[in-house]
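Each structure below is given as structure tokens.
Here come two complexes built around chain A, the first alongside chain B, the second alongside chain C.
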Partner chain A sequence: MNRVTPKPLPETNLPRLNQVGKPLRRIDALGKAVGATVYAADYSMPNMLHAKVFRSPVPSARIVKLDVSKARALPGVVCVMTGEDTHGAKLNTDLPGQTGRETRAGSDAPVLASDVVRYVGEPIALVAAETLAIAEQALKQIELEFEDLPGVYDPIEAMKPGAPILFAPDNVVARYKIRKGDLEAGMAQADVIVENTFKMPFVEHAYLEPDGGVAWVDEQGVINIRVCTQVIEHFRSIARALNVPQNRIRIRGTMVGGGFGSKEDITVEIFLAFLARETGRPVKLVYTREEAFAATSKRHPFTITHRTGVRKDGRITASQVSMVADSGAYPYLTPYVLLYATAMAAGPYKIDNLHVDSVAAATNQTFTSAFRGFGGPQAALGYEQQMDEIAKTLGLDPLAVRQVNYMKTGDTTATGQEVKTAAWLEETATRAVAALGEQAASTPTRKIGRGMASTFQSYGRIMWFHDTSQAWVGMEQDGTAVIRCGVPDIGAGQSNSICQIVAEILGVPLDQVTIYATDSAVTPLAGTSTATRQLYMSGNAVSLASNTIRARLLTRAAVKLGVRGDELEIANSRVSVLGDESRYIEHKDLVRLCASEGIGLSHLAQFNAPFTEGLDPETGQGDIWPDFTFGAQAVEVAVDTETGEIELLKSVACHDVGRAINPAAVHGQIAGGSHQGLGYALMEDFELQNGIIKTPSFAEYLIPTVLDFPTTQTIILESGTGVGPFGAKGIGEPALTPAAPAVANAVADALGVRIHQLPFTPKRVLAAMDAIRGATT
Partner chain B sequence: MPKVMNITLTINGRTHALGVQPNAVLLHTLRDLGCTDVKNGCEIGECGACAVLLNGKPINSCMVLTVQADGADIVTNAGLGTMDKPHVIQEAFADAGAIQCGFCTPGMVISTKALLDRNPDPTEAEIREALSGNLCRCTGYGQIIAAVRLSAERLQNLSVYGASSLREEGREHDSSNRVLESGDQTEVGGAS
Partner chain C sequence: MRYLKPSSVSEAADVLESSRGMILAGGTDAYVYMAEGFCHPETLIDISSIDTLRGIYVATDDREEEVIRIGACTTIAEIAASQDLPTCLRQGARAVGSPQIRNLGTIGGNVCNASPCGDTLAPLLCLDARFVLRASGGTRVIACEDFFTGPKKTVLKPNEFLEFIELPASSCGKASAFRMIGNRKGQAISQANASVSLVMVDGRMSDLRVAVGSVAPVPLRLGKLEEFLTGKRVKEVSLAMFKEPILEGIRPIDDVRSSASYRQEVTVALVFDALAECASKDSGECEGAGA
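And then the complex of A and B:
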């Protein structure tokens, strides 16, 4: 890659703020630091039972006989449930959350399998016992007789005639197409056509906190479930499965010890609900690490082929992309993950002539669902590796080829959606590349390579989900503030950001804001902590609520101080006259004044995202998301040509986050997301062989330790143009997306050939080296 | 049922006389005694979330039988400090943005304490080595390394100036200062 000097940033107009934009200590930090934060597995209750799940040891079989009588007879066992006891209840795995839209037919998974099992780890029976040891013992007493059925373990095989079928009529779970412009005419204008296929593996989220929870039935008959989840609105699906009214299920979310999309699906809560109802006693269920690996979703493996027509100057004239994704045994969120990948397939480039065809098929493997990026990272591995291959074919610099094609504000995406906010591709890419500095020198056995990736990623949910968030904000008589907002905090600082926004708007210090969050019964529903949506959605909801209160405070203070409302400033727990600090009223006095006059100082607000009605099914054209975040990453690697080992030498990520509400938290999101992406490229592979998991624990499934990679240097840009509060864009998912393709391109640069399959293990590197030697001798 | 064995454990300064099964694992014993700050992330010694100090040495409590710890002095993260009186290391983790989901934090703090006890001024390589048994899936480790450095600096100030001056400084750190890896930056668009 050539050296670059970034141009100065375009002009922006960001207001100066007191608390937003400061790297304040997060409100949740100290409790976590001293170990006072109580996670889902840390709760216990009097008279509590312990539960275990009996799971399928095989990937594809018919259940011939399930005998739980010995387990039931074991002293200390209180309850054993099978699919018969749950009356064949199914879990609606589609469209989680608060959306009122119809669900898609055929997406349900049985709570407990009773006729066939479709993957290793599929739940078959539940046990609740006086102690965990007894529950474990009871599992061993369950007798399962099964008859193996032919299985299918590859999505392409799964779509061939004669393949074993998981669900009638065929294994296709979802299919999309995009038709934009005139593909053939575009290809005809090309000087060269470049074609490549790229493959990606299953990936495990590897959040550090295994799934867990406690449930009980309260004195109103409401089933309470305390659980680590990204989606408290699952109470609705659980109510449906239990056939009880929705107001009889209460989810009390806990601080989540990492989710990354995996805790977007229902995990332990459905089992807990059934067992608590059945036994009438509190029940606890915590997954072991092995169970958390086997029984929860994975990132979708994809095979992506790009056929791109380009002119000699690098301009793309036409692009044809095909994608095949592995849905595993049940659909879960596959249709939406595939939609994301499809709509982002062409990358952040202006491409007028485009075809995308994508399909996801079921196999007898661990099911796949949401994982940070939601199909975006797979799409990026396709389009960004292809950009480098185009550059190589044309003999151009990788960044230069991108610069010719970058979309700009006002251009449209693959689905024809106009980008309305800043599209700082050039700005982020040049800064990431420039920050790499001097390149290390290669030796004959240590080849240095550099790579970069420019990516875009949506934030906010698909607009035809009609997404909403509610938040309640109130002032106490001592001038402190309270927020009630159902936001699940999954570790990214969701609740802190909301507090910082309220602190700013109401002019109270952050440590005088308290938030009650993530309880489906007592905190207004704020929607899922997924899709990089909470800062956008709930940030806007608390802004609406606190601005209403602010206006009331200012109106009353203006009368009191004898000035106009716009002559006042609100900060440091007081309202003062602009330019005359001696004239002020303190919050505590103002709040009491309002209270005595009946002026309400609490407000419940709802923020609605823009609503649309979906894409044209023939062309895939239409608006999907509220907005996009743009970013880039550049890395330098050293490849040892004798051992095949790859050392990451430098990594720099640069994103336009619109406005950083808390820069320390934003740096953390980018550095942490990058690390997951680096692991994706270089080490992570959730391996299955004929449906059997080969990487069942942290001993086999390796995630990056502190020794594996240098810290990613982070550069935050603030265009101020996002649709979130104060012009913020989302960063949770976008942070991960460019890391893996940047590494892929660096490895290809170092070796001179591309390895088309992730992760880049020493074995694959050596095989690539052998291929080069073979070709040259 | 195997025979219950009688042992004593001193946990965060309190001595407990216990009857335990010979196959009981220290991690579970500690959690059953209410030390829920000791986290269970894998139970096979691969994640470090269950780390505690056993007679001053950091160990993964999932890899030790409770009976092996008979008579030992055990310190968990919660034994180092509280919300009102956090340990310098705990406060540094909070200030440095080293905590996201927080599930790895108790183990990280324990490993940091063990490191700084024997090496008060560690290099980055020494910090990485000391934390190599602690997985974190959220942060990418950079802000954790910064937190260890910040801890070391504050502890050194403490030993030079005494506790009270550190407190003052600690307070100022609360609201404004933050530790970033060198090179991290925030850039706002041009002239506004």
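And then the complex of A and C:
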């Protein structure tokens, strides 16, 4: 890549703030540092039972006999449940817990399989016993006889006639198309047509905290489930599966030790609900690491083909993309993940003539569902590797080709949605590349390469879900603030950001704000901690609620201080006259004054995202998301040509986050997201062979350690144009997306050839080297 | 399950004789096996706190020769940090797992576990190590070459345990190096590893030992390669020249960590690299135990 200088930033007009925008110590930091934070597996209750799940050892079979009598007879076993005992209950696996409109993609999975099993790890029976050891022993006493059925282990095979059917009628779980402009005319204008296919593996989320929880039935008959989840609003699907009213299920979320999308699906809570109801006793279930690997979702493997028409100057005249995704044994959120990938397939480029065709098919493998980026990272691996291949074909600099094609504010995405906020693609890309500095020198056996990627990623949910979030904010009589908001904190600082916003608006220090969160019964429902939506949705909801209170405080203070409301400043737990600090009233006095006069200082607010009705099914045109985050990453690698090892030398990521509510947290999100994306490129591979998991634990499934990569340098830009509070955009998912394609491009740069399949293990690198050596001798 | 913690070697030998239990050192392999249900010992004999099984010092062996003696329960971390041991063994120890694993795991456990990918095995083999095996009736000494009989299999009898590892005192005067390749930098299991020791005499390689691991059921000496290289200058040999003697010697397999063909190819590169490092120093650099 050529040397570049950072593109100057457009003028921005960010208000000066007291708390927002400061790297304050997060409210959850100390508890985590000293081990005081209580996670789901830490809870226990008197008289509690321990549960285990009996799972399928095979990927495709008919259950001939399931005999649990010996397990039931084991002393200390209190309950064994099979599909018969759950009356064939089904889970609506495609309902990611909406607050708004219920939108079904048509996918259910049995709570317990009773007829056929479709993947290794599929649940078949539940055991609850007095001790964990007895529950484990009981699992061994369950007798399962099965007859192997033919299975299918590749989505393309799954769509061929005669393939075993997992999802009627043809295993196709979802299919989309985009038709924009005139593809043939666009191709005809091209000087060159570049075509490439890229492949990506299954990936495990590898959160630190395995799924777990405790459930009990309280004195009102409500089934309480304390669980680590990204979605407390699954209480509705659980109620449906148990056939009880929705107000009889209460989910109390805990601090989540990492979710990354995997805890967006229902995991232990459905089993806990059945067992607690059946036994009338508290029940605890915590997955082992191996179980968390086998029994929860994975990132979708994709095969993506790009056929792009380009002119000699790099301008894309037409683009045709096809995508095939593997949904695994049950659809779960596949229809939505595929939609995301489809809509982002062409990247953040202005492409007038575009066709995208995508399909996802079922196989007898671990099911796939949400994973940080939700199809965006796979799409980016397609379009960003293709951009470099185009540059190589044309003999142009990779960044230069992108600069010709970058979309700008006012341009439309693949689905025809106009980008209304800042699209700082050049701003982020030039900064990431420039920050790499001098390039190391190659030696004959150590080749240095550089790569970059520019990506965009939505934040906020699909707008035809009619997403909403509620938050309650109130002030206590001593001037402190309380928030009640059902936001699950999955470790990304969701609660903290909300507190920092309230602290800013009400002028109280952060340590005088307390939040009660993630309880489906007592905290106003705030939707899911997914889709990079919480800062946007609940941040806006708390802003609405606290601005209402702020207005009441200012109105009353104005009378008291004898000035107009707009002549006041609210900060440091007092309201003071602008320019005359000696005239003020402290919050504690002001709140008491309001209380004595009956002026309410609490408020429940609801924020609604924009609502739309969906895409045109023939053309795939329409608006999908509230907005997008734009960013870039650049890396430098060294490839050892004798061992095939890749060393990551430098990594820089630059994102426009709109406004960084807490810059330290934003840095953490970008550095962490980057590491996860780098692992995707270089080592992570959840391997299955004929449906059998070859990487069942951390001994086989490798994720990067602290020794593997340097920390990604982060450059945070703030356009102030986002649709979140204070102009914030979202960063949770966007942080991951550019890392893997940047590495892919750097490795291709170092080797002179591209490896079309992730991850770039030493084995694959060496095979690519051999292919070159073979070709040249 | 019974858990016994003998306080001396003879007591350990006695309880092993009477119970035929399983020896437990750092437990970093043993507990994994128990958790996964590969073994269900009735008796565990924890030897990790027997003082005499720990440490690195100079001693005289059964042949009245001076040796560097390493207690079986010396931790991998202690091996890695020791100034008194040849480079290749320290490098091998450093390649084991993570700091936590190295602080608990022992060299005796690494040896007796006899995993083909154990990172101290090739170094011990290329240093002519000998193992002192203890039973209640006495001790016997066996050469490292004869100790391993297959993956996770050794000549240890049910009533025997490893007491010491002994290296010729001369091994400290040799140049040596260890190389491994894993799928990542931290906490990685070797896909292949290689260890070389030699003495340079007038710029020519002599007293050469080349051992490789993770590419056959047991760690292997590459005799043919040693023969081919002996007497040569490092500059005279190229990677291509010794590919054949290496590939003839090894029998790698395909598994989830790697493929046979990759292991073959990379073993050649690892041996070459280790050789180059040895050649770049003209003498050993460890101080020698007690020196």
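The definition used in the following text is that the second predicted complex is superposed on the first by the 770 of 777 C-alpha atoms of A that agree within 3 Å, B and C clash if a C-alpha of one lies under 4 Å from a C-alpha of the other, contacts with A are read in each partner's own complex, and residues count from 1 in each chain.
FYI, contacts are C-beta pairs under 8 Å (C-beta built on N, C-alpha and C of every residue); 3 or more make two chains touch, one makes a residue touch a chain.
Quick caveat: nothing in here was measured; it's all calculated off a predicted structure.
Novice: Contact-wise, after the overlay, does A:Glu209 reach chain B, chain C, both or neither (first, second, both, neither)?
Specialist: first
Novice: Determine, under the contact definition given at the top, whether A:Met255 touches first (chain B), second (chain C), both, or neither.
Specialist: After superposing on A, A:Met255 lies in contact with chain B but is clear of chain C.
Novice: Just to be sure I read the superposition right, which of the two partners does A:Ala33 touch: chain B = first, chain C = second, or both, or neither?
Specialist: In the superposition, A:Ala33 contacts chain B only.
Novice: Return first, second, both or neither, reflecting whether A:Val723 touches chain B, chain C, both chains, or no partner chain.
Specialist: Neither partner.
Novice: Applying the touch criterion given at the start, work out whether A:Val356 contacts chain B, chain C, both or neither, answering first, second, both or neither.
Specialist: Neither chain B nor chain C is touched by A:Val356.
Novice: Have a look at where A:Glu687 lands relative to chain B and chain C in the superposition and call it first, second, both or neither.
Specialist: second
Novice: Please determine whether it is chain B or chain C that touches the greater number of chain A residues.
Specialist: With both complexes superposed on chain A, more residues of chain A are touched by B.
Novice: Which holds for A:Pro762: it touches chain B only (first), chain C only (second), both, or neither?
Specialist: second
Novice: After superposition on the shared chain, which partner residues are touched by A:Ala318: those of chain B (first), chain C (second), both, or neither?
Specialist: After superposition on chain A, A:Ala318 lies in contact with neither partner.
Novice: Quick one: is A:Leu707 in contact with chain B, with chain C, with both, or with neither? Answer first, second, both or neither.
Specialist: So A:Leu707 meets both chain B and chain C here.
Novice: In the superposed arrangement, what residues of chain A touch both chain B and chain C?
Specialist: Residues 699, 705-707 of chain A touch both chain B and chain C.
Novice: Using the touch definition up top, name the residues of chain C that touch chain A in the complex.
Specialist: Touching chain A: residues 98, 181, 183-189, 191, 239, 256-259, 262, 265-266, 269-270, 272-273 of chain C.
Novice: Which bits of chain B are touching chain A when the two form their complex?
Specialist: 31, 36-37, 39-44, 46-47, 49, 76-78, 80-83, 86-87, 90-91, 93-95, 97, 99-106, 109, 128-129, 131-145, 174-176, 178, 180-181, 183-192
Novice: Contact residues on chain A for chain C in the complex?
Specialist: Going by the criterion above, the answer is residues 642-645, 683, 687, 694-695, 699-700, 702, 704-708, 761-763, 766-767, 770.
Novice: Can you name the residues of chain A that touch chain B in the complex?
Specialist: 8-14, 22-26, 28-39, 41-42, 205-210, 255-258, 260, 286, 288-289, 431, 435, 490-493, 510, 652, 660, 663-665, 667-668, 671-676, 697-699, 703, 705-707, 709, 711-720
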